[in-house]
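For reference, the structures are reproduced in the following blocks.
In the two assemblies presented below, chain A is common to both, partnered first by chain B and then by chain C.
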Partner chain A sequence: MTTSYQTIGQPVSRAEGPDKVTGAALYTADLNLPGLLAGKCLRSPYPHARIKSIDASAARRLPGVRAVLTGQDIPENLVGRMLRDFPMLAKDVVRFVGQKVAAVAADDLDIAQHALNLIEVDYEELPAVFDPVEALEAYAPVLHPNFMKYAGRADDPQEHPNAMARATWGIGNVAEGFAQADYIFEHTFRTPHQHQGYIEPHAVIAQVDGQGRLQMWVNCKTPFLLRRQLSEGIGLPQDRIRINPINIGGDFGGKGSFMDSHVAYWLSKATGRPVRMVMNYIEELMAANPRHPAVMTFKTGVKRDGTITARHARLIFDSGAYGAFRPQKGITYGIGAIGPYRMEHSQIDSYLVYTNKVPCGNMRAPGAPQSTFASECQIDLIARELGMDPYQFRLHNLVRDGEESPLGHHWRNFMGKPTLDAAVREAGYQAPKMTPPDLAADGGDWKVGRGIAVCERHVGAGSSTAKISVDGQGQVTLYTPLQDTGAGFYTMLRQVVSEELGVPYNEVSLVPWSTDDARFDSGVGGSRVTHVGGQAVYGAARAVRAKLAALAADLYGWPESQVVFKESMVAAAGHQAVSLGALAARSGGLVEGDFTYDSERDEDLTCFTAQVAEVAVDRETGQVKVLNFTTAQDVGTVLNPQAHQGQIDGGVMQGLGYALLEELKHEDGRISTLTFGEYKMPTIADIPPLRTVLVQSQSGGPSPYGGKAIGEQPISAVAPAIANAVLDAVGASVTQLPITAERVLQALRSQPA
Partner chain B sequence: MKKPLQITVNGEIRQFFAEPYCSLLDALRDELLLTGTKKGCDEGDCGACTVLLNGQAVTSCLVLAHSAHDSQVTTVEGLADHQKLHPVQQAFVDHGGLQCGFCTPGLIMSAVGLLQENPNPTEEEVRFAIGGNLCRCTGYNKVVEAILAAAQAMQNKLKA
Partner chain C sequence: MEAFEYTAPKTIADAVAALASKGDQARALAGGTDLLVQLRGGRRRAQLVVDVKGVPELNQISYSARTGLTLGAAVPCCLVYQNKSVASAYPGLIDPASLIGSIQIQGRATIGGNLCNSAPSGDSIPAIIALGGVCNIAGSGGKTRQVPAEQFCTGPGRNVLQPGELLVSIHLPPPAANSGANYQRFIPRNEMDIAVAGVGTSVVLDSSKRNFVSARIALASVAPTPVFAKKAGDSLAGKPVSDAAIEEAAKLAMADAKPIDDMRGTIKQRTHLVGVLTRRTLQTAIKRARGE
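For the complex of A and B:
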């Protein structure tokens, strides 16, 4: 599919790479400004408490302290990405351990820290609730009595005062479907908080400039949305706020929230100096915006031959103390919960619930790793009960191209079966299982098992703008409002320009825009950039190309439709070619083109992923070792194979962490895993051999040249594939993540003998 | 109170003042304005702050600046020869060993430290050498590929 392109489809290396390997690339915390102050926040030690009084006088007197702010000193405006329920600094009540109650700006960080220790807060503890299921009970404390007054809340009626949002999706009538079933299965699954784990913590610099404008540098991948949230909180009109471009040291969904941005502004305003706030990693693990934990009950009816008749999922997502870090109105989590299986009756009831824990936000494929774990684990439990191989059971029920999805969509060119088959083939799913000799030799009682899981996910949509200019020297410059999170699109977008204008991709200069320079951009995330950013750049490139072709037609009498762009030259058959620069010079200045691309999500298009884990489990200790992991991914045109594979490798790695290691542990609302020593993310020692098969979809996707999406696809099926492999190896069903040795042992012990 | 010290950083003698409790990482970033070395966890767990101290890869957040007095420190800024990238840097670019780039200076310094001691490492040895570097983007495979390719390139250059 990609053979007719010059640079599209080539595994070209990163144009932005040299800056990142020399230390030249600047990230927010690297910036320095004259008079820069250090900002830091005092955080609540209680999960739910009334603030009776705050005495900051000693802190204010400390030499080197330039400002101390509490909730009393700033407006009471609530802020949020959509639902506005979050006070910039808590004033009357704190609702989680780590909530900000005061802020200090000082000459350096040591002084700021010292000042925080001098602030005395008198709290009165209130009853708290930590379990999202309990939070929906009648006796649970109501965490937000004023919820109905909050801006940005969903319009649907609230079932319980702690349920901030609820949604139901489905087709048919599940009661009818269950009546047709020979067997009905019900299981409950639980997943923990997962931190995005970007190595760069949240950081922001705010400076109120001489004209009273807010200048901000912040590692936020949605600067246009942040500008609006700032405006709502601080009261400056949006055009008085400029968010400047900066490199972002990893995102994975976590860098779209405002964190300290509002507070940094208030400190800068109070001191008249620029203020830098960098969260340390303890603050990150305690009070950033991790993936929502969930409690999920799946009820599934099947016939004796394995046909699914109905599925009902009840999903409770634990939002923590606020809903401000979610960009959507209401709840969207769990919409794909039922899996890509054929059935006439389906129902998903999804709830988002307040508890006295850290407020949650988006992480890579938000909502999907949770529900895919539950859904795909139950598929294996059912298959085994029926005496069917889980692969055969999936094949029997999997939606085929042209059929209706369980939510009533008609996916075009649906790649379910070919992708699943490819995963099974590549992984040697049906081959004999042998314990590797090194494990067999170590004396444990190791058993090998294999497990499959599948998922599907949309291609993202949204809005982006791009501008391209060509100058008289032939220098091509691309302007984009997208901020570099590291996924590789600064190279991919240059490839699009290169393809259309016939210049080497690494000679295209890329200039990131601030929020002053474009009207709007949806930002990075949601499997959006290749599609939306790609189309904006493609459109701008086509616009420049058309202008240059018209110019050539005008100047040299070439037929406009026959002008070609190749090797930095412009040519037409039978004529002497001219260089791009020479042609552009004849325009009397720059030749420029821009394009704004707006799109809605196409619900009839999806990307399918099938993954197979091979594990060894020690029956004596419960230890799980992943021996091999295979991903089969349905793709359209792959614009840059190196970056594409990087997304798969990284997504699988985060899925492995979710499956086996990662959990923010709580004790009475206090997170106890406050270092990377305790919140364990995969190191290289945790990465098994990874295999990937790309399965070409004929229809491709909405990205330029027919690309689909990859960022969020590879993560969701990893944990259930591993859980299913553990089940296959030793018959232990672990229904709660992460799959620790203790949980495997527990599951082994509770097995019927 | 800040006290004077002297460190040779990337071949240049630097004399400056730092608090007794100041880490080498903070000294590099805040006093010497060498911000290529990154601060991730500040607790010795992520490896983003890795530099060479007298040729050994160390997590600079755990080293006191004053304990590096009179030592040789190499940071990521000190590897490239004018515009020419060090072979390890070049290999990270060529093999997709980086995405967001935040862990990258630390990973590169771990790799350079390894190759100085062991110019011809096995894959196992490479994996061991970067066992203390967290990267949340790449999944590590392309990092290992890059380091092995760099070793090869450096060997070839020696032979040539």
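For the complex of A and C:
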């Protein structure tokens, strides 16, 4: 794609890349402060138990141990991102395997680990519930008897004591819609926990400085929100807490939670020394904040000709033992569950349920991969029952531009059909299916199939702020409260500055701010940064530009509106150009501009994704190999094609892991997949040929230069596209993720002969 | 990770003496791809790590058509498959050597270490058993003993090595005329994975290449140790090569599999896979025996 821009739209490489690949970039675990101690937590071995007593005396006597804390030693404040239900250290009850019951600060990690082994906890096991459907039964143990007293809970009354939130969306009256149907289909689908799989585990350093102020370095992408949660937990006013900037080694939605932050503060306060806590990956897989598992029942009414009359989705999201890692009040999960299909009657009932498992948090497109799997798999099952091609069935029902969405929105410039058509064309969906020669030769009984899935997702919104300064040497510096999660926006934001001020993007210095330096920032996530962060930086750049243009007009008598910024020079037609630095120097100091951008989500704008998987299935072992994967994406202006493609490829592969491999497996509430040997993420050898088609939307989006969003868009349709391809290849309907070989075999065996 | 002492002896005698000095608190280090991970994860403990990579006998890789292969216990997988004469004489050994871990792991990990780690899922062990491998073990005072590969592992992570003993090398007999071998495993990923089930087979055909003379079959990940499915292999001896004979051997191999349900797979799936992989490896081994 070509644009009329200098830097925007160019596949420029990462300005922050060299520091990362050479190891110069610092992460939380790299920082060493004088007197730094190692902190570590003792975790519950039981999914639900009463703590009868804790004896930490032997641990306290161990040489090199500087503090041992239990729930008795700190205030009983409950903490959370919105719903405050999580004790910083368990005091009376533990509700999942891995919950923190004691914390140690010691001279080194080995001593800390040894001290944990010396802490004796006497537990009385309590009845536990692991299945979210069972948790809603009348006989289920009630996990949070004081729920109604929790701050930040949804206002609605609870239907069941274990239902922490419920939401209902829809239009019309589904009973009426089902009455109009010739056929009614009902299917239930299940999805597992998915861990975000970032390279860097959660890490934090807390230091109570000489003024009693908390200094914190933490790989949290929402530092302003964390500051509030810390304040609520530890009782310091927010202005007594400073979260310092630091690189974040991967996020994928998971780095917005407080994790060990409060505990690190209490250990630092108790010892008077800085304390570093770095979770190891066993702790990450056991007790971080993975994607919610879900049990989803979809009921769909259709006419003989394939017209959908009504859809009802009942979605039960398994939140685990606490809701504290959910950033919203109430629930937003599954809001797109009905799919982008035309119908007059729709209803989604979405529940968040407590169970005695790891508390869940956010991961890339929270809620959407679950419900899209269920929704899009059922679309294929229905199409096949009706004898229609799944592509034709989708075309028949897809919302067209100008029509109402199944939740009553009127999407502007809706790109459903052109994007689906592009995916189908690029993938060769209708071409003959051939088993590749290398598979045909390996002794397996391979069959090839193709599957389609689609989804739509909004562009994120929120608030951000930025400042830009230009000094007398022409050095341009961008200040931002956004912390770098690795997604590439530190390059994209520099490109915006570059475009507006006419300086090379990689000569723009970027200085991340601490929480002292800005009023507020929504942080990274929710397909927000290019829009919100981009507009804040764009606004700041325009402000600087206006000041410089006014200065040039003032100094040189140039017409202000004709001042152009190019190649680090400022010019106006018919006049001798001056360097940016020389102009700025004439101001007598720095030329600065800042801008704060606030936005609400635009419900009438969405981004459409259509994907086609081509798979081979070995009928003898059930093994699924993805042969090709095609993504068509509706886009506005692509600010950086390389970073944009990275988000698509990364999202597809994270979706492919979700489809075929990834699952935190449980045995009686204990996660058994506690290493990357057992929790299987795709490796480079698992990446099939990936194809992308970008379908240009005329209206574009709310980001500067008309960009839309891409971070969360490519992940959700991957699993159903693969499941539908398996169905196409061998007729096996796998309704539970991941689609393991064994589940494929089971589905094959249960087929009618 | 707890601190440990480290020594790097240059002779078998010194290595054995070092191992003996700490009894079961000493561990031999070759590639380290299992040991270091286990020490870091607290799954094994060692007061003393004896790095055996400097001992010449453990680095030898010598093959002759008359005497077979002597493979030092510290030879990394990549040197096995890069050795042209070994690769051409024992394709059934190259199968596991080239699929263990990743390229990087294969540069460090050793077949000897795979045996000594004694995981039920060790990919090279069924292949070594199928090929009739024998383990050469050194003990204190210059004592040596030989143990057939199928008797080497005694439980998950356990084997016949006594405190102070060292696996020096593995010996494979020279390949018989008209013989072939193959190892295959089932993994959820395409690499970097642990076998849900694995099968190694070797066959010797008669001069017409239409009848089995003998066969050996061994299984991974379906019991506390790698399994030598002797009855399954023996069932083929003297029979014409046929789908029925192969099917019968596969059934017997399935009967010898005693898997458990765990996070990697169920009893049902693993047993099923033993049948599938026995058939497939026999077919490949037969092709190789026929020079196809």
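What we mean here is this: the second predicted complex is superposed on the first by the 751 of 753 C-alpha atoms of A that agree within 3 Å, B and C clash if a C-alpha of one lies under 4 Å from a C-alpha of the other, contacts with A are read in each partner's own complex, and residues count from 1 in each chain.
Just so we're on the same page, a contact is a pair of C-beta atoms (placed from the backbone, for glycine too) under 8 Å apart; a residue touches a chain by one contact, two chains touch by 3 or more.
Being a predicted model, the structure only gives us computed values, none of them experimental.
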| item | value |
| --- | --- |
| Chain A residues touched by each partner, larger count belonging to chain B or chain C | B |
| Chain B versus chain C as contact partner of A:Thr740, first or second or both or neither | second |
| Which superposed partner A:Thr683 touches (first chain B, second chain C, both, neither) | both |
| Chain B versus chain C as contact partner of A:Asp110, first or second or both or neither | both |
| Partner chain(s) touched by A:Ala24 [first = chain B, second = chain C, both, neither] | first |
| First (chain B), second (chain C), both or neither touched by A:Thr673 | second |
| First, second, both or neither for A:Glu620, with chain B first and chain C second | second |
| Which superposed partner A:Met148 touches (first chain B, second chain C, both, neither) | neither |
| Which of chain B and chain C A:Ala138 touches, first, second, both or neither | neither |
| Common ground on chain A, meaning residues reached by chain C in one complex and by chain B in the other | 110, 675, 677, 683, 685 |
| Interfacial residue positions of chain C with respect to chain A in the complex | 1-3, 41, 102, 186, 188-194, 262-266, 268-269, 272-273, 276, 279-280, 283-284 |
| Chain B to chain A touching residues, read off their complex | 19, 29, 33-43, 45-46, 48, 75-77, 79-80, 85, 89-90, 92-96, 98-105, 108, 127, 130-144 |
| Parts of chain A lying in touch with chain B, wherever the complex brings them together | 11, 13-14, 16-27, 29-30, 32, 110, 196-201, 247-252, 278, 280-281, 484-488, 642-643, 645-646, 648-654, 675-677, 681, 683-685, 687, 690 |
| Chain C contact footprint on chain A (complex, rising order) | 110, 282, 443-444, 620-621, 623, 660-661, 665, 672-673, 675, 677-678, 680, 682-683, 685-686, 740-742, 745 |
